[in-house]
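Multiple structures follow.
Each of the next two complexes has subunit A plus one other chain: subunit B in the first, subunit C in the second.
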Partner chain A sequence: MIARAFLFIALGLYTAFAAGPFLWVATMSLRTTSEISRDHYAWPSTLHWEKFPQAWFNSNYSVYFENSLVVVLSAVAVLTIAGAMAAHCLARYRFRANRLVYFIIFSAIIFPPQITIIALFQSLVQYGLYNSKLGLTLVYISIQLPLTVYILESFFAQIPADLFDAARMDGYTEWQIFWKVSLPIALPAIATTVILNTILLWNEFLYAVVLITDDAKRTLPLGIQRFMGDQLEDVGMIATGLMIAIIPVVLIYLFFSEKLIQGMTAGAVK
Partner chain B sequence: MATVTLTNLCKRYTGGQSLAVDDVSLDIAHGEFMVLLGPSGCGKSTTLRMIAGLESIGSGDLAINGKRVNDVAAKDRDIAMVFQSYALYPHMSVFDNLAFGLRRRGFAKTEIERRVGEAASTLGLAELLKRRPHALSGGQRQRVALGRAIVRDPKVFLFDEPLSNLDAALRVGMRGELIKLHQRLGVTMIYVTHDQVEAMTMGQRICIMNGGKVVQTGAPLDVYREPADMFVAAFLGSPPANLLPGRFTEDALQIGQCRLPILQRNAPNEVVFGIRPEDIRIGGVNGVAPHVEAHVLAVEPLGAETIVRVALQGVTPEVLLRGPRQVSARVGEQLPLSFDLASSLLFDPTTTRRLT
Partner chain C sequence: MQRNPIDRQPWGAISAFLLPALTIYTAFTAYPVLRTIWNSFHRVLPRKEEFVGLANYAALAKDDLFWRAVGNTFIWACASPLAEVGIALFLALALYARVPGMRFFRIAWFTPVLMSYVVVGIIWVWIYNYDWGAANAILRTLGLERWAAAWIGDPKLALPSLIFITTWMWSGFNMVVLLAALHSLPSEVIEAAELDNCGWGAKLWHIIIPLIKPTLLNLLVLSFIGKMKIFDLVWITTKGGPLWSTETVSTYLYKRAFEWSTFDLGYPSTIAAVWFVIVLLAVLGLTRALRSREKLEY
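Entry: the complex of A and B
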């Protein structure tokens, strides 16, 4: 009984800690900046829903949103397919230097982005990809690929080899086996990487701010930054912008969350 | 229907010290049920996988219907295989599992439905076609795996220890069904197992392997009665044959303190005397005095029979014998024994081969 009470207290504290700031921003998104400066933590007296269309139309938000959508969706699509193919090969085929390739890919995870960003900036300028959505997409693919391969490889490695042999006996080529056997079985793990990559890249700021300068090419996190001027911060609009930015992530999470849990408690291949 | 011919097949895995399959030659006839039997690691599964085309052939030739197929891909050999783990696709229904191979081969939808329906009704799966493999029992999964092979109507069936994941009662039932299936289809089947009971009951011929080599091939009872060497004698039979070191004197074979009236014909002085547990009788036979008195170590009643462990004076290995349902002997007592010498076996201790 007491243990349960402690558990609930701990969970309650954690929930407040995790959800509190989110709720705070959510209330601020419905208040004007002047209301907020009067009392930071007050509940909204009048709900200013009109701030949402304002942010969307007056502040170029639709463009940022579209840019984010294009960059993140294409990056995640390529990441998922390329990552799954690499993971399939590393998990399934015995070839010389298999583990070496795996280690090299994996070792890229340990570098903080600040180390590579100057070199990356130079490379993109050289290839004419600086300040382009394609350039940013390629960078997003390359930074997330190691983790994607890492997650998927461990899952693919659990798929019994007999299944592949059975598919070969059934007449399928290696390419078809990947699409018809490996990929569908690994769906929980793939959902995990899709959701993880989408959330991380949707919120990505550092690479975007360094590699994009045109206002028309900015992604959402950069768009929110626009409300922060040198002299004035429109806190109310920042909050509204954050809420708009967060909606797709929440939707994706709701849609994939069951698969995500399955993927994290993997091993259910039997 | 097809013949399968293995000629001097060899296989070495990369990094392997010795050959996994060492010079295996085997002729499998049209419609034959051939069992590859041996302990784990003896190369039987590797041999089967080479026939299937899942494993490359190191050297030697593999022919199906007289045509060399070494370099023919698995999918083009017209062979179906049932795996020990069943290898059912977990994301597909039973119907799709059965139809998967047919779809690849471009069968019409109606033909696929006909074949799957037919196989499902033979195997009692008709009610389960919509279920996923995880919602099936072990025996049902086994049937689906079998069905997947049947619908393809292949030239050759391969089985890689298909019953070893089933519980004992189910295994006996499936054994019978596989035999019936073979009789009905009349197709060539190659069956790998380490279970000698499966081999004895199912195989028309048994090929016993050890250390990558074929030790002996023949009909189950022939191999049982006339094992080629000590390995086969010890591997087949439960309990296995007793193998006791002996030495020939002028008029008898001396085993420990026991003298058996066997004459030394073309045999070395030192031999290994082999006798099956069922060829040892308690007491004398037909008025002849028993050969030896043995010290009883253990009595294990199995219901239909009794296994008795005894020690012979001057002989190191324990001797096992298969007695009747009721054995009066008690541990620690002396038990008079007679050997059925007509059924006994003599082996050369250096080559381990049986002496004729």
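Entry: the complex of A and C
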């Protein structure tokens, strides 16, 4: 009994520790900076919802949000199709270079980003893609490709080969087999990679900070960083800005927590 | 395998399927890697490039700041996995004992990994604030005023304070993974141990840990790799300061390439190339060391 009580206290403390910081920011996002500086840990007495439209319109958040949305969604769309095609191919066909191609793509998972970032900067400048959303999108596709292929390949590999043979007997072309047999079956795994990639790219900072300089092209993480630099003292407004970046992720998480946990843990459990 | 004409490989389809992925990979991963390595033997200015041989490498060997950054990154990459996986194992075992409200705990603990390092960094800059941050506020409430500190402003405390942030972030993730591993264990094994009147510690050490060892090892390696890449968190909180105490290889490289206005991209590329080799060797070495120890036990 005592052991059980102790267990609950420990779990409660850890939960407060893990979730507390977000709760704190959530309360601050609804309070004005002068209220906050009087007492940093008080519950909001009046809810200042108007701070959200303020941050959205006056501090350029609408632009950052839209940029993030455009870059992330187009990168994820291309990524999913290109990744699924490659994964289907590597799982489905036995050919001589198969494992070599798989290994080459897979090994990029452990590459530190530093090894590509300087040369990417040079190349994008050369081809006029520096400081453009298209350039950033292309880079985003490439950095998430290995993980996507890795997750999808292991799923496609479990689809029984008989199914493909049957489809072939029915006169399906290779492309139709991929589009009408593989993809529908793999839909759960594809959903996992889509959600996972969306969140990881939504949060991406390093490539964005190197490849984007225009304020009008900044993604949300860059916008938040700039905002933080400009308004260092305005804690209340920064908290509102943070919430705007957090809310989409929390929404996705509320609806797809199981899928997301699966995706995040896919690489860790064999 | 029987071979009949239908089994002949459709090379057209194979190359069509691989083409998009391989094109992207070649243009945005393989080519940049090779170009960075090529850069590292050159002085790369905006309009001209000249071959300098191993000069950059020689300079790097004597660059104290670089080795300081390497040291910091390694401290981070070695301390984090132990702390994260240790805490996670404790939590997972606690939850394995069938606590009610399990789903809620799982979701709450997983939340920090979903936030960007930018968001997390700003929140923790506030938590570590000397005057009103939560860290010092808690210490003051507990009557431990003299322990209150400028957590990320003090060169001695800054790196441990940042390591604490990543531990906060990732323990929950590791816990969820370990929990999945624990639940996939055959329950007979654990029940048998219970019948044998095996103590809790012995059960953990002799039965549970060996059974989930592959997962534990994967988590350690994964955490290690993640910390070798760390950039965002440092950039938002300390920018490598105070006095280089939190400088990591990523932040140092970023400064040399894009901040110090030296305009030379050759030297930063050398940092990247050397770091690339160090990371690959470290990951290979770590996987091999952990795997071979596993084999010895059989």
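The working rule: the second predicted complex is superposed on the first by the 233 of 270 C-alpha atoms of A that agree within 3 Å, B and C clash if a C-alpha of one lies under 4 Å from a C-alpha of the other, contacts with A are read in each partner's own complex, and residues count from 1 in each chain.
One rule holds in what follows: a residue touches a chain if its C-beta (ideal position, glycine included) is under 8 Å from a C-beta of that chain, and two chains touch if they have at least 3 such contacts.
Quick caveat, the model's predicted, so the values are computed rather than measured.
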### Query
Given the touch rule stated above, what does A:160 touch, subunit B (first), subunit C (second), both, or neither?
first
### Query
Who does A:178 touch here: subunit B (first), subunit C (second), both, or neither?
second
### Message
Which partner chains sit in contact with A:168 here, subunit B, subunit C, both or neither? Use first/second/both/neither.
### Response
both
#### Entry: Partner contacting more residues of subunit A (subunit B vs subunit C)
C
### Task
Return first, second, both or neither, reflecting whether A:195 touches subunit B, subunit C, both chains, or no partner chain.
neither
### Task
Go through the superposed model and pick first if A:10 touches only subunit B, second if only subunit C, both, or neither.
second
#### Entry: subunit B versus subunit C as contact partner of A:18, first or second or both or neither
second
### Query
Of the two partner chains, subunit B (first) and subunit C (second), which one does A:253 touch, if any: first, second, both, or neither?
second
### Task
Mind working out whether A:147 is in touch with subunit B, subunit C, both or neither, as first, second, both or neither?
neither
### Task
Please identify the positions on subunit A that touch both subunit B and subunit C, taking each partner from its own complex.
94, 165, 168, 269-270
### Query
For the complex, which residues does subunit B have touching subunit A?
14, 49, 52-54, 74-75, 79-81, 83-91, 100-101, 104-105, 134, 148, 152
### Summary
Given the complex, residues on subunit C that touch subunit A span 6, 9-14, 16-18, 20-22, 24-25, 27-29, 31-33, 35-36, 39, 44, 91, 94-95, 97, 99, 105-119, 122-124, 126-127, 132, 134, 137, 168, 171-173, 176-177, 180-181, 214-215, 218-219, 222, 225, 228-229, 231-232, 235-236, 249-250, 253-254, 257-258, 265, 268-269, 271-273, 275-276, 279-280, 283
### Query
What does subunit A use to touch subunit C in their complex?
7-8, 10-11, 14-15, 17-22, 24-25, 37, 40-41, 78, 81-83, 85-86, 88-90, 93-95, 101, 104-105, 108, 110-123, 138-139, 141-143, 145, 149, 165, 168, 174-175, 178, 199, 202-206, 209-210, 221, 224-225, 228, 235, 238, 242, 245-246, 249-250, 253, 257, 260-261, 264-265, 267-270
### Query
Residues of subunit A touching subunit B in their complex?
94, 160, 162-163, 165-172, 176, 180-181, 184-185, 187, 269-270
